[in-house]
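The data blocks that follow each hold one structure.
In what follows, subunit A forms one complex with subunit B and a second complex with subunit C.
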Partner chain A sequence: MTSVMMTVLNIAIIAMTLSILIPMYAAWKDEDIWQTMLSMASISTKSSLIVLMLSVLRDDWMIGVSGVIMISVGNAGFMLLAHILKRMGEA
Partner chain B sequence: MMDSYLYIIIALLPLAAMMVVFQTNPYHALVIRGVLGAIAALVYSILGAPDVALTEALVGTLLAITLYAVAVRSSLVLTIGVLQEEFEIEDQTLDFQVLISAVQTSLDPYYVRVKLMPYADLKALDQALRQQEIHVKVYGNTISNAKLDEIQIKSYQLVTRLNRIYEIIKPDITSALVLLQSSDLKEAQS
Partner chain C sequence: MIEVLSSFCILVGLVFGFWGTSSLLGSRSVLFKLHNLSVSDTLGSISIIVGLLFLRPREWPLLLLAIISLMLWNTMLGYVLASCSSDAVKNQHDVLYFDPDFEIGDES
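Right, the complex of A and B next:
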């Protein structure tokens, strides 16, 4: 991989990391539980994508596999938690 | 220069941990715990421990959140025993709904929600309170006025067995028709 491409990937990772701060601020404000849930989904997807990007950058597919599993587990946990919270609102 | 993004990503971990620690609402804390789990998995995997990251994602985020959600759901509930006739929403009088919403309002700062549980008659209601199935029982007494015999006033009575609930609810129950008393359980058991 050329050094130009490495630099571009580095900058992209830094930008993605900084963009995690936006949903973290939204989770901090805590108005509605569903907004907090949305920020959680956003953060977990973003962090998994950072892991996938790093696996390409370092050419380490072990990290890539863990990133893929983090994406799918994050979505499953989100569905589970949303279902529990929805039933809490109905009761 | 090459690994300068590492410092930014690692700085997110104490930030998320602080958010969990300073969150007072248990439901919000539950969701932010999920955020902490995602960021922790990210940090572990960029520091070269994909096995730890995988464990954090599977156990720390998925299992811990599910168990914590079940715990919060089953513990932060105040069960109010009511008679069967008051249980259905269409059968409830306005006074009763005002009373229940006043109880809910007084419990809101503690993130406790109110759940109604129906019982067939007064005896079953009393039995449930003594056997600690419910925290509070509500029953109405119909006061028939001799002069105005068409108008029947229903006065509601709340009985709780817990002193703390009595202290929390008491300032918010302003209606004159409601009398709240801590029933003496020791006397009842003998």
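Right, the complex of A and C next:
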């Protein structure tokens, strides 16, 4: 990979990190649990994407595998949490 | 040429990323935000991964797995969040407006 592409990927990773700050602020600002869940779901997807970009940058595919696992496990965990919150709302 | 294409895909993904999350800051309903978020997160992430695929074609199995799991999981999570949050809001409405002691004609 050329140095130009490495620079592009570095800038993209920094931009992605900045774009994670928006849902973090939204999660901190909102009282409604469902808005917070939305923000956290966005944070989980974006952080797993940063991990994947890092694995391409470093050409280290153990990091890549963990990024893919984070995509699945992060979203699955939120699904379970959403059902728990719904049950708590009913109780 | 490949690098220009890859940079373009990554840029499109970043634009989607910022657009989706900026709707989180508004004061619209949960479902409106959820729609924006799941569309932009899913499409933006897939566009970025396609850009990465151009850079490392040798690792196509893993990146393809990432694309497929993103498509499945993000879509399912969006559906589950929508159904759970709308049920929760409905339950709150039922509790607020259903008064067991209220008799028809009881205007007080």
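FYI, the second predicted complex is superposed on the first by the 91 of 91 C-alpha atoms of A that agree within 3 Å, B and C clash if a C-alpha of one lies under 4 Å from a C-alpha of the other, contacts with A are read in each partner's own complex, and residues count from 1 in each chain.
The rule is short, and it goes like this: a residue touches a chain if its C-beta (ideal position, glycine included) is under 8 Å from a C-beta of that chain, and two chains touch if they have at least 3 such contacts.
Keep in mind that what you see is a predicted model, and the values were worked out from it rather than measured.
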Touching partner for A:L54 - first (subunit B), second (subunit C), both, neither: first
Partner chain(s) touched by A:T17 [first = subunit B, second = subunit C, both, neither]: first
First, second, both or neither for A:A26, with subunit B first and subunit C second: second
A:A76 touches, of subunit B and subunit C: first, second, both or neither? both
First (subunit B), second (subunit C), both or neither touched by A:L85: both
First, second, both or neither for A:M62, with subunit B first and subunit C second: first
Subunit B versus subunit C as contact partner of A:S39, first or second or both or neither: both
Subunit A residues contacted in one complex by subunit B, in the other by subunit C: 37, 39, 65, 67, 76, 78, 85
Touch list for subunit A against partner subunit B, complex: 6, 10, 13-14, 17-18, 20-21, 24, 27-28, 30, 33, 36-37, 39-40, 43-44, 47-48, 50-51, 54, 62-63, 65-67, 69-70, 73-74, 76-78, 80-81, 84-85, 88, 91
Sites on subunit B touched by subunit A in the complex: 2, 4-5, 8-9, 12, 15-16, 19, 23, 25, 27-28, 30-32, 34-35, 38-39, 41-42, 45-46, 50-51, 53-54, 57-58, 61-62, 65-66, 69-70, 73, 113, 115
Residue ranges of subunit A touching subunit C (in the complex, touch as defined): 1-2, 4-5, 8-9, 12, 15-16, 19, 22-23, 25-26, 29, 32, 34-35, 37-39, 41-42, 45-46, 49, 52-53, 56, 59, 61, 64-65, 67-68, 71-72, 75-76, 78-79, 82-83, 85-86, 89-90
Residues of subunit C that touch subunit A when the two form their complex: 3, 6-7, 10-11, 14, 17-18, 20-22, 24-25, 30, 33-34, 37, 41, 45, 48-49, 52, 55-56, 59, 62-63, 65-66, 69-70, 73-74, 76-77, 80-81, 84-85, 87-88, 91-92
